[in-house]
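Paired with subunit B in one complex and with subunit C in the other, subunit A is shared by the two complexes that follow.
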Partner chain A sequence: MKKNTWINLGFQAGALVLALLITTLILVAVGAPPLKAYLSILSGAFGSTRNMMAVLITWSPLLLTTAGVLITFSAGLWNIGMEGQMTLGAIFTTGMLRLLEDAVLPPALIIILGILAGIIGGAIWAALAGALKTFGGVNEIFGGLGLNFVATALTIYLVFGPWKRPGVGSMSGTQPFDESLWLPTLPGTELSLWSLLLSVLVIIVVYFLLRGTHFGLRLKAVGKNSRAAFLMGVPTWQYSMLAFLLCGAFAGLAGGIQVMGIYHRLLPNISNGYGFLGLLVAMLINYQAVWAAPIAFLFAALNIGSVQLQILYKLDSSFAGVLQDMLVLLVLLGEGARQRFVKKD
Partner chain B sequence: MPSPLCLFHGKLFTIALAFKKNKTMNVELKDIHKTFGAVHANVGIDLVIPAGTIQGILGENGAGKSTLMKILSGFIRADHGDILLDGRPVVIHSPANAIQHGIGMLHQDPLDFPPMRVIDNFILGRKGSLLTGQAEASREFKRLAEQFSFSIDLESYVDALTVGERQQLEILRLIWLGARVLIFDEPTTGISAAQKMRLFAALRLLAEQGKTILFVSHKLEDVEGLCNRIAVLRQGHLVGEADQPFSTKGLVEMMFGRPVSVGERNPCGVGDVTVSLSKLSVEDYRLKVRDVGLDVHCGEVIGLAGMEGSGQALFLRAVGGMSHTVGGKILVNGHNLIGRSYQVFKKHGVAFLPAARLEEGLVPGLNLTEHFILAEEPKGFFINWDKGRLLAQERIKDFNVRGTPANTVESLSGGNQQRALLALLRVQLALLLLEHPTRGLDIESTIYIWSKLKERCQQGTSILFISSDLEELLQYSDRVLVFFSGKVTPPLEAASLTTDKLGELIGGKGWTELSSGKGA
Partner chain C sequence: MEMNTLLIGLAGVLATAAPVLFAVIGETITERAGIINLSLNGTVILSAMGGFTVAYKTGSVPLGFLAGMVIGAIVALIIAFSSITLKRSQVAVGFVLALLCRDLAYFLGVPVLNQSGPRLPSLSIPILKDIPVIGTLFFKQDLITYLSYLVIFLAWWWIFHTRPGLMLRGIGERPAAAFVRGANVNRMRYIYTIIGGAIAGLAGPTYSLSIKAGWMGTQSGLDGIGWIALSIAIFGGWNPLRAAFGAYLFAFLQWLGLVLQSKLPGVPTQVLQVAPFPLMILTLLLVNISDAEWVERILAAMPEKPRRWMMKLLRALRASPPAALGVPFESE
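Moving on, here comes the complex of A and B:
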């Protein structure tokens, strides 16, 4: 047992080193000094209070999407559609705020209703993917991907059509809301303690849900062998749908927060790739909820830190993506290699 | 300048080549050890098998038979020990490498490609040029098939073949690839009596040709009837070898370390009717079972006989609420459940244990504690793990499962998986439906499983079970229903049947006499 733990650690460390090595080679190839580049990522993420705030702002939606993936994956489902679910959350929140912005209601109530609308929007979009899977036999990967495109198209239609700014519609989105409808942030920053609190709460709930509840255990049974789960009396398709609904609700919440806390309007690409990034985080932590918070934090830091690279070395900020993807790929590869190694042993 | 050593090597090489052309091969295993974690699956096994021998490898489930055979056929590597072929030590890296050495293995579940044609399966695995050489291959196939009087259509798809025919295909393929040693892992499981006879004839012919046959089984009868020599494994050790004539008692003692006797048959139950079927009709896309009527008494055991796919599986699943019914009534304790879902049947005390334990019965990746918690009605929102572990420990002890609460189900042997499945059933049941409850299990596990099932009958549970083992059907059932391509006999008293009579009915003979008078 002890020996195996060391072997596991060895393979993971090896994957990490290899990922750094390959990204270093890429840096050298494009003519950037590797060490300086890495240092600038670090300072970009943690060099100032402002930067650290930015990391936390990114961390919050990433935690939510990771939490969602953990749920659907436990049920044996690949929810690729989280981008779309996040977008629908953003659309529903925007719609609710537009509906109520002129009403005589306390702003706090409007904000809460907006958040709820986002949650419902995300859940509806996920339920669509789930229904396609359960009743239509459409694999959730294809269903989710298709619905992502529909969500993007819907956003663009709204931004340029019914919800366009007075005058002419533009990619910069809808008319910003009145400041009273913004999610309260720390003075002078865009960091909302509310969104941070909600995301941390969600990941903690998911951790306990999967670890110590009948719901979590039954979800896992459905994911690992739905035939056997059915015979043991677990209503399988209902659990799959529940997993979709929960995941969609988390993604929708993330979308709503993007609107109310950060952009204060609906704009194209509001999901910002957090849906896919959450999938990567979940894969990297091998679906262990305990690790979600630190690894999502690392990814957020990489995202923010690499913004610096663009300014300093004219490297596109998507370099963070290269590093993240390399990490996931090599850790998965390392896991496969480890299994072969242990088996041969 | 070539050194003498070089010349010597050259000579060795020619000798090796000569051996390659040779049609026979002696196999020798020396001090083979293999451990999986804490389990010592093979402990210092020494075995010599001369060419032309049919060597039986006997032992109960988990005795280490499969491990030893997988080592010989290159699936896994031994931790320690040597394999000698014709006296030369060899290292076998992979199954493909094994076949190059002339060793081929037939697995219990044929490792072939069901969606492909027979001829494609035959050619696959053959090293060669870009072109497959179909014409030559089909000539060879026909020549070999004729030799063993196998008749398989080269153009048919493998998923349309029976398990027995797939075995035949695999035998021909391995011989064509040059196998001189053939390993058979439980080959008589799941094939018909006629196919078994043809298989045995083929094996005898192969042995006459000088091939070395390793026949792995836990069925005494098969091993005794076929093999020249028998080696018995128990808990990883080679506990003994025997030559003809064999003593059954001696072999059983070697296998289990003590003599075992089969259980007593219960007289037919005369209690109340718990489950009543009337005019039950079931169908799927290729089979119709029409108008079955049956009254099942409290504590009664009813066996369902028939060739695989004759309608018994469809019928059994319909009685559990799992396949589509087109008419009739299913009364469980007076409630008509026809058309209701499996969940409703379950609530009324009907349980179903599938044949495919790991595919349908258990959840690989979850441990025993998690299984016992899943099977219970959930109480509250949070799991009480301590209570779950206690429950698991208790049931594990009750059902004699060799494992701990933290063991994942896939780490258990087949017999222990079946015990675990039985242990998972909630206590009070009206009707228990079983598919092949003892398939692939050794005698000891079979007897144990049936003693547990009979205990349930004493508590008033009725049992319907499917089996392809005629003796099991006659021994444990009170009454038997025979299925033949969707037709069903009236319930027949097991005591009035013989294996021959039952075998005929399964094969579709003697049905007219049944309908013309004698019912049950």
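Moving on, here comes the complex of A and C:
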């Protein structure tokens, strides 16, 4: 037992070191000084209060999407459609705000309704993927991917069509909302404590939901062996659907927060890749909710920090993605290698 | 005159379908062997960047295409290794590779960003090009488009009309039976995954050295093509001919969007360009729906005549994946 723990640690450390080694070689290949590049990512993420705020702003939606996929992964589902679910959340929130913009209601109420609309929008889009799977036999990966494209198309249609700015529509999005409808932020920053609070709350709820409840246990049973779960009396497709709905609701919340807290308008590509990134985080932590917060934080820091690379060394900020993807890939492969090694032993 | 414009437009459809075709046919071959290569989207983008870079540095277009194939093969090798040897989830590894290759392409592509480089010249085929209608449509293209016609029929002939093709279908459908018959299932899966990846790797250079010559980073408009190709592979029911039809249909719809744009000034440009995507979902639904239990129930409740007609329609649309798709094989 003791020996196995050491083997596990060894393989995990090996995977991390190898990932760093490869990304370092990639940096060398493009002629960047690796150590300085890593340090600049660090200072880009934590060098100033402003940058640290930016990390927290990124952390919040990422935590939400990670929480969402932890649920669908538990049910054995690949919710790759989270980008679209987040986008639909953003669309619904924008729609609600546009509807109530001129109404005589307290702004706080409008904000709450806007957030709720986002949650509903995300859940509807996820329900569609779920329905396609349950009633149409369409694998959730392909249904989800297709719905992502439809969501993008819908956003572009709205931004350039019915919701376009007075004058001419542009990729910069719809007309920004009145400041009274913005999610309150810390003075002088764009960081909203509300969104931070909500996302932390959601990940805590998901942690306990999956860990200690009847619901979580049955969900996992469906994920591990849906047929056995069905024979044991678990209503399997209803549970899958519920997992989709919850995941979509969290993604929709993330989309709503993007609109109300950060951009104050709808714009194309509002999901910003957080849906896919959430999937990566969940894979890296091997679906253990405890690790979601720190790893999502690390990924957020890499995203913000690598912007600095672009400014200092004229390198593309996609380096953050390269590092994140490489980490996940090698951890996945390392786990496979470990199992092979242990079996042979 | 009007006729000629139409023909040139349709010839353009055949050319723009070529990269999608390579990706779709490559995926079809891979999935026939029982492996899902979900990395397609990354493969297309990275092979576009890599192919252009090599052609730009060496001045040789063929070397660029070769580089694309090598990139596709390497990515496929990683998938084969992780899923066959290490027994990891094909979907997980494929998904991560899709993102990794895309990010790598944007990161490594900076030096050749917006540079003008070599591109494949158009090459009309003598005699054939003078046939009315058909000549303009098929034979005034470039070399890679001709190759795309060829790949469809080669793949179809290989899968359905040769002995190794029979084995290929066997290792995707019933690997245990193929194993008993003497097939080295895992080695063949390795080989076909790599071949499929190499064919898919032609897709990128077909963009960056032919129809959208150059490398424009995130502005290249290639992000998403691979995901579409994956859906078309399913629509194609793992048959190269039907898959090719799907790829051409997709390219045709995109072209139709561009044409209709001038007729419908009220609809924003960007909307018509994404119009085929919702249609793809619809087709996926049609391909799969006959498996659903409630459809059977409704069919059973229908009167005789329309039921027959509906069943025929559903059967024609229906496509079942290779039975062992995504399932690892162990000989013990």
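A few remarks follow.
By definition in this document, the second predicted complex is superposed on the first by the 345 of 345 C-alpha atoms of A that agree within 3 Å, B and C clash if a C-alpha of one lies under 4 Å from a C-alpha of the other, contacts with A are read in each partner's own complex, and residues count from 1 in each chain.
FYI, a residue touches a chain if its C-beta (ideal position, glycine included) is under 8 Å from a C-beta of that chain, and two chains touch if they have at least 3 such contacts.
What you see is a predicted model; the values in this text were computed from it and never measured.
Because the two structures share subunit A, they can be overlaid on it, and in that overlay subunit B clashes with subunit C. Comparing subunit C and subunit B on the residues of subunit A they touch gives the larger count to C. Once the two complexes are overlaid on the shared chain, A:Phe46 sits clear of subunit B and of subunit C alike. Judged by the touch definition given at the top, the superposed model places A:Trp291 against neither subunit B nor subunit C. After overlaying the two complexes on the shared chain, residue contacts for A:Ala221 are found with subunit B alone; subunit C is out of touch. In the superposed model, A:Thr213 makes contact with subunit B only, not with subunit C. Residue contacts after overlaying the shared chain place A:Val234 against subunit B, while subunit C stays out of touching range. Touch criterion not met for A:Tyr313: it reaches neither subunit B nor subunit C.
The superposed model shows subunit B running into subunit C at a single listed stretch; among 20-28, 74-82 or 110-118 it is 110-118.
Those residues of subunit C whose C-beta lies close enough to touch subunit A in the complex are 38, 78, 82, 85-89, 91-93, 95-97, 99-100, 102-104, 106-111, 217, 224, 227-228, 230-231, 234, 267-271, 274-275, 277-278, 280-281, 284-285, 288-289, 291-292, 294. Residues 212-215, 217-218, 220-221, 224-225, 227-235, 344 of subunit A are the ones that touch subunit B when the two sit in their complex. On the side of subunit A, the complex with subunit C involves touching residues 26, 29-30, 78, 80, 132, 135-139, 141-143, 145-150, 152-153, 156-157, 160-161, 169, 276, 279-280, 283, 314-316, 318-319, 321-322, 325-326, 328-329, 332-333, 335-337, 339-340. Residues 77, 342-343, 346, 352, 354, 359-366, 370, 373-375, 378, 380-383, 385, 424 of subunit B touch subunit A in their complex.
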